[in-house]
Each structure stands twice: as structure tokens, then as C-alpha cells.
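Read from first to last, the chains carry the letters A, B and C; within each, the first residue is number 1.
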Amino acid sequence: MRFVDEFRDPRLISKTAEEIRRLASPGRHYRMMEVCGGHTHAIYRFGLKDILPENIELIHGPGCPVCVLPMGRIDDGLSVAQQPDVIFAAFGDMMRVPGTQGSPLEHKARGMDVRIVYSPSDALKLARLNPDKHVMFFAIGFETTAPSTALTLMRAKAEGIRNFSVFCNHVTIIPAIRAILDSPDMRLDAFIGPGHVSTVIGCRPYEWIAANERKPIVVSGFEPLDMLQSVVMLLHQLNLGEAKVENQYKRVVPWEGNRAALRAMAEVFQLRPYFEWRGLGFISQSALRLRDAYAEWDAEQRFAIPGVRVTDPKAAQCGEVLKGVLKPHQCKLFGRECTPEHPIGALMVSSEGSCAAYHTYEHRKAAMVTSLNSIA
Amino acid sequence: MSSRIATDASLVPIRFRDPQIEMAHGAGGKASRRLVEGLFAPLLFGNSPGPLGDAALVDIGGTNVAITTDSFVVKPLTFPGGSIGELAVNGTVNDLAVSGAKAEALVVTYVLEAGLPTPVLEAEVRAMARAAQNAGVRIAGGDTKVVEHGKADQMYVTTTGIGHRLRGVAIDPGSVRPGDKILLSGPIGDHGITILLARGELDFEADLHSDTRSVLPLVEALVRAAGPGVRWMRDPTRGGAATSLNELARDCGLGIVLFEEQIPVRDAVRGACELLGLDPLHIANEGQFLAVVAPECIDAAINALSLVSGGEAVQVIGEVREQPSGSVVVTTLYGGSRIIDMLVGDPLPRIC
Amino acid sequence: MCLAIPGKIVEISSVNQDSALVDVVGVRRKIDLGLLQDDKPVPGDWVLIHVGFAMSKISAQDATDQMNTLRMLGEIESAEQEAQGYGLEDVQ
């Protein structure tokens, strides 16, 4: 696969790993947070922790839009879909996330019309093909995904497709990073910046992290060589005491972002005054809702939404794990009441959530180390 | 496996704690295993402590026969490379084959939905007849039930197969040793991705077709060439190769290490998996098998298989180690590794 | 939010300029080019695909530059060490 395989070249990966070992000062412990859930997934998928030296610690950030969605929002979305002649359409990521009455897939097994879509435009297509039904698209995602929802709504409006609506849970990344940095328990040295969000918002929105917080941030791609090169770039900055924004993912991320995408978002969405993030509490100006001009396609305006707040069990420490303050296994429910099969908190439901990733990959690691020594 | 039934089944406790049956219990992964081991096994399979294989061995008047059954629920009924009819024949023939047995006869049950057009049924029955002929197995009889419209997805098919054991092979996960090699018959993921694309919901197209076929000729060649060295076989259907290998790791208490660069995956399967965020190791196959072979027999095994039509793509994809005990690990050329678990539920596309 | 894959534009729809057929090692899908209106791709271009939309054009030049930078890792250091070995520390 072009633009993929080159960045998985084993020899270059080994070489870059060597460079990281050379740059990482032995006496120093580096704490780097990868913001985006896709990076968390890449770290585990490619086994990157195995080739980083012990004194570089990767901390998983809150950039998983499934993980930060409060359970009450899932209940709200499903309540609309329970009405007759409504088709509930969502990405595969949402299908196993539990609401208080079960997940979308469980609702499907009970007879509700639930469809997995790959694209918001597929949801709109469902509306075109089923004129006697209403299709409600349960939208999630950061700024990577919001422009596609926006464009889809613009198309729906232009074509006058009335049997379509969006239940909007889009959130923005900067407030999440701010919440991390504002957290008093947080000790971080640097950030691995979200590569695909940045194709839309560009690199400028991170400048305050370097200028005000004095933390280096490198906007990174998702292949092993991308992430390792980003670590090299961060080490250079940290060793020199610098703090600036750098773009490692140049082949795809424009510094100024994608103007057309930002225009589409501005046309369709406005910022909510505040929004609840699971584990992080209410954050102001951190989420999107549809503008009045699109009220007819806003599921929250067309349907009566219960709007019930569902609080997580007190024992669930999702917030602290999300902020990187606690490691997953330090949460009292981890591996006992809360497992990938029976998730209590959302960090266990999504495969890129810290707890699910940790449960699947990390806590059998001890036995593996001996085994791996004999492979090398 | 013992053929004795527990003397008083009503007193036997079950270990299955789920309050009701969910879709995940049929998906072939962890939940399915919980149901089988926690409810069916204690009540139906007596005190037999052995691991549950693909087929059961039954002693009939001094002759050992193997028997297995499988039900087929697939949507859509037909897809590039086959249909439910072929799956129903090949699936059962393959279950017997990887248990070290040659299928002699099948019986078939159809549960048909009222309103099913006759040409659809006819096409499936013809497909079954063809598949049975290709597989060299007789369809000896069957049963049909019709249920109301809406109570069956057009048709459900069950096949039960019986056959005699191949000589020279004894499948036993307990005989697996560190150093044994993991053999895979060919590229993984073809069937599951074909079905996913054939459903049409995701709007992808690819030049892919199901790999459904009888693996018996390959198994026979393997057994002839390396019989005493064949420790275990499995056909990785629902849940994919990862689920089958995790079951093995659990049953033998050893670790399985796979070498990622050696796992054969077609480009289009790889592309679809990358686009949808899926792992080929979790995708269903209907025409492949995994085998654990002693290292001293592996060359003979590969030579023999590569000479059989359909065996050209056979590949060693990993080996058995002491650690990590009970787990399956995938390693990369640059020293990275990840644990790969059994599938929980069906593989779902993701965008994150 | 992050799964995005490079694909090659095979053809642009004659009916709808914003719709294109993209190929990823043999897997094909119609994607929406609406987010690249300011810099429209043509058949043969590579784009980054996320949820059925093209997010960005992929620059082959930047990709090549990156690979070259990575290949040179360690070479700059060994060149410096070599220079030191010749007593050339003062020479830049």
C-alpha cells in the first residue's frame, strides 16, 4: 500500500528507534502524551512501546470521541430511534457502547432498526432510499469528522431531503488539551499532536501550548515511522529546552488547515456554551450544535429528547485515567467489574480507550518480556 | 470425548451467568465459549474434561467414527464465490477434516421462511449438491421445517456429518510442544470481507470472493506426509485465526508467537481492513485451516501441501513457545509486538 | 476520529464534480471531494480518506523528503564523529 508501507519499513524503524535511544538522556524521564485515540491504537497495534527506551513514557490522552461521550447522550439518541419508522445510523465505533438500556447493537437485537454506516453520506443515502422512514445519524468525532457531517447536512438542505436529521455530539480538541494542562495532578513534558484533526484545523491552534505552557508539541502521522520521528523531534526540543509547534505529518497536514472544511463547519455548526465530557465534567465552548438555519435537520430540535444526565458509578475513575493521572489498572474497577466484555466506563468500551487497550495488551506484558528476549 | 451422560443432569450446576442470550453468544468468540463451556458442556457432555474440538469421536461397536454438526446463518444468502449451500457442505466436511476424519455422509436440516421464492431454494439445493459432489461426500437425508414469515432470514441450514478417522493422526492439543510450527493453508480474510462487502451497507467494491472449499484433500496430504507430527488442526471460521489460536493456547497452556510479515493476506483484504479498521486475524475464513506440526515434520508437510491443488499458498506463520502462556502474540520484524485476543462479538468497522 | 487511509483517485464523476472513485489496493469506493474544493484533485492524485470524504491531498514530495530525512538519521552523527577523528572539530 503506497504511503503506508514505506512508513512501516522495518530497517528504518529500527534505525529511528536507535536514534531515539541515542537522544534519550539516561538520567531523565520523559512523559509524552499522545492526544488522539488513533495514536493510542497505533502504539499498541505496532508494538511501539517495545522499541522505545524505558525512560520514555507514553501517556494516553482524551482524544477518543467515543470515550468522552456521556451515557445519557447515548440514551437520548436511542430514545429517538425507538420511535416507529426511525432508522438509527451510526459508525461502527458506537455500536457496542452501552447506554442505561443497552447498546445500539443490543437495541438492534431487540428489533430496533439500527444500521452501521461508514460515512455520514451513507446515512443521507439511506434517507433517500427510504422516503417513508426517518434516518437519524448519531454523529460523533472531533474536528476530523465534523466537516464531513457539515457537508452532508449542506447537501441534505440543498436537495430538500426532509427525512434526515443529525444528533450531534461533535467535540473540539483544544478544550480537551486545555483541561489536561489545567489539571493539578498533571505532569507532562510534551505532546504528540493529533495528525488528522490537524488536517482540518492546521497547526496554529496549538501555538499557546508551546508559548504559554512551554510544552513542545509535534503534529504526528499514524504510521510507526511517523510516531517514532515525532518522538525524535520532541526529544530534540526537550533536550534543548525548546518549546515549539512542529509538523511531522507534512505530507498531509497543511499548517493553515483546510479552509473549505472550516468554512463548511462554520456554515452548519456553532459552539455550544458548554457540554459534558464523560470523565472531565462540563467544559465550555467545547462541542458543536447545528445552527438555527439547520434546525430542521437537528434531531434535538425535531424530536423530544429526554436529556437525562446519567452519572457514572462513583467507583469508576474514568476521569483520572482520561487525564493521564491514573493508569488504567489503578482504577478500582479495572479488570474486575469493568472489562472489555462488561464495560462500566467508556474507556473500556472503545478499543482505543486507555483501559481497553491496557486490558488487552499491557497486563499480560510481564510474561511476554521473557519470551520476546528470545525472539530478538 | 466420553459418551456417558451425567447420571442426574438436573443436579448439575451451570457456570453460565449471563441472564439472557445475546448476539455475542453466537459470534464464535469469548461469549460463545462461555455459553458452550458454562451451560451446554456441564449439562450435555457429562464429566468429560477434554477440550471441545470441532468434532466428537464416538465408539460404535468397536469402530471409531467422528461426528459433527453446524448451522449456517448468513446474509446475504449468495455472495461472490458461493452461497449458503456451499458453506453448509464445506463447513461440516472441514470440521471433520480438521478433527482428523474423512466425511462419509451428511444429513441436512432446512428451516425455511414462508414466502421464500422456490427458485432461491432450488439454487441453494443445487449448490449443496454440487459442493457435496466436489467434496466427495454423500448427502444421505434431511428434514425441513417452515416457519412464519419474519421468523427466519429466508433460510437456516444445518448439516450433520459423520466419517471415519484418518489413519496416522491423533489430534490432541495436549501433545503440542514448544518449538512446534504453526501452519496456515492460505490467505486469510477473504470470506469475511467478501460477506461484509456483499451486504452492500458499506458501499465498497473489490475483486474478492469467498474462499469456501473442502480442505480435506489438503488435510489428507498433510496427514500422509507428516501424520505423527500433526498435533492439532482447526478451521478458523467465525472469529478468525486469532480466535482459533487463542483456543489452542488456552487448551495447551503454551504461548503462540506469530510473525506478522509471514501471514498471507490478499491486497484487497488488507485494503478493506485498513479502511475499516479491522484485523485480518479476526475475519472469518471458510476454506483454510491451521495446523500445529512438529518441527522435524514441517518440511515434509509443506512440500506435500504445495503439490496439492489449492495448497500452493501454505505458509508457516509462527511457532509455539513456553511463554506467554495461554496467549497469542504477533511480532513484527522491527521488534514490536502485540497480544491478539479472541474476538468479542462480530468485527465492527471503526472510524477512530 | 483518526482512521484515515491514503487512496488514489481513479476517476471523477462526470455528473457530479464532487464525487470521485478512489482505489485502495483494489478496494474501490465513491468518495466526496467537497472538502477539497479549494484545491481540486485530478485522477492519479493521492488523497487521505476519512469516513468517505477526501481530507487532504498527499504530497509525494513531502513523503520523499521525510524518507530521506529518516534514512540520514545517524549519518549526520557519524559524519561528525569522523570529522572529530581527523581533528577537524573546529571545522563546520
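Everything below uses one rule, namely that a contact is a pair of C-beta atoms (placed from the backbone, for glycine too) under 8 Å apart; a residue touches a chain by one contact, two chains touch by 3 or more.
In this text the structure is predicted, and so the values were computed from the model without any measurement.
Undergrad: Quick check for you: compute each chain's CA centroid and the global CA centroid, then name the chain with the smallest gap between them.
TA: Checking distances from each chain centre to the full centroid gives A.
Undergrad: Measuring centre to centre with C-alpha atoms, which chain is farthest from chain C?
TA: Looking at centroid distances, B is the chain farthest away.
Undergrad: Using Cα averages as centroids, what's the distance between chain B and chain C in whole Å?
TA: 40
Undergrad: Could you grab the centroid distance between chain A and chain C? Build each centroid from C-alpha atoms only and quote it in angstrom.
TA: So the centroids are 22 Å from each other.
Undergrad: Can you compute the centre-to-centre distance for chain A and chain B, using the mean CA position of each chain? Integer Å is fine.
TA: That gives a centre separation of 35 Å.
Undergrad: Quick check on chain C: which residues sit in contact with 2+ other chains?
TA: As it turns out, chain C has residues touching two or more other chains at 1-3, 5, 24-25, 50-52.
Undergrad: What positions in chain A touch 2 or more of the other chains?
TA: 1, 4, 37-38, 41, 64-65, 91, 118-119, 122, 141, 145
Undergrad: Residues touching two or more other chains, restricted to chain B: which are they?
TA: Expected reply: 203-204, 267, 270-271, 274, 277, 350-352.
Undergrad: If you look only at chain C, which of its residues touch chain A in the complex?
TA: Residue list for chain C touching chain A: 1-6, 8, 24-25, 32, 34-38, 46, 48, 50-53, 55-56, 58-60, 62-63, 65-67, 69-71, 73-74, 77.
Undergrad: So in the complex, the part of chain A that touches chain B is made up of which residues?
TA: 1, 4, 10-11, 13-14, 17, 37-38, 41, 44-48, 50-51, 64-66, 91-93, 95-96, 105-106, 109, 115-119, 122, 125, 141, 145, 224, 340-341, 350-352, 360-361, 364-365, 367-368, 370-372, 374-376
Undergrad: Quick check: in the complex, which residue numbers of chain A touch chain C?
TA: Per the stated touch rule, the residues are 1-4, 6, 12, 15-16, 18-19, 22, 36-39, 41, 63-65, 91, 118-122, 141-145, 147-148, 151, 155, 194-197, 199-200, 222, 225, 229, 232, 250-254, 258-261, 264.
Undergrad: Contact residues on chain C for chain B in the complex?
TA: Answer in residue numbers: 1-3, 5, 24-30, 49-52.
Undergrad: Quick check: in the complex, which residue numbers of chain B touch chain C?
TA: By the definition above, chain B touches chain C via 203-207, 267-268, 270-272, 274-275, 277, 350-352.
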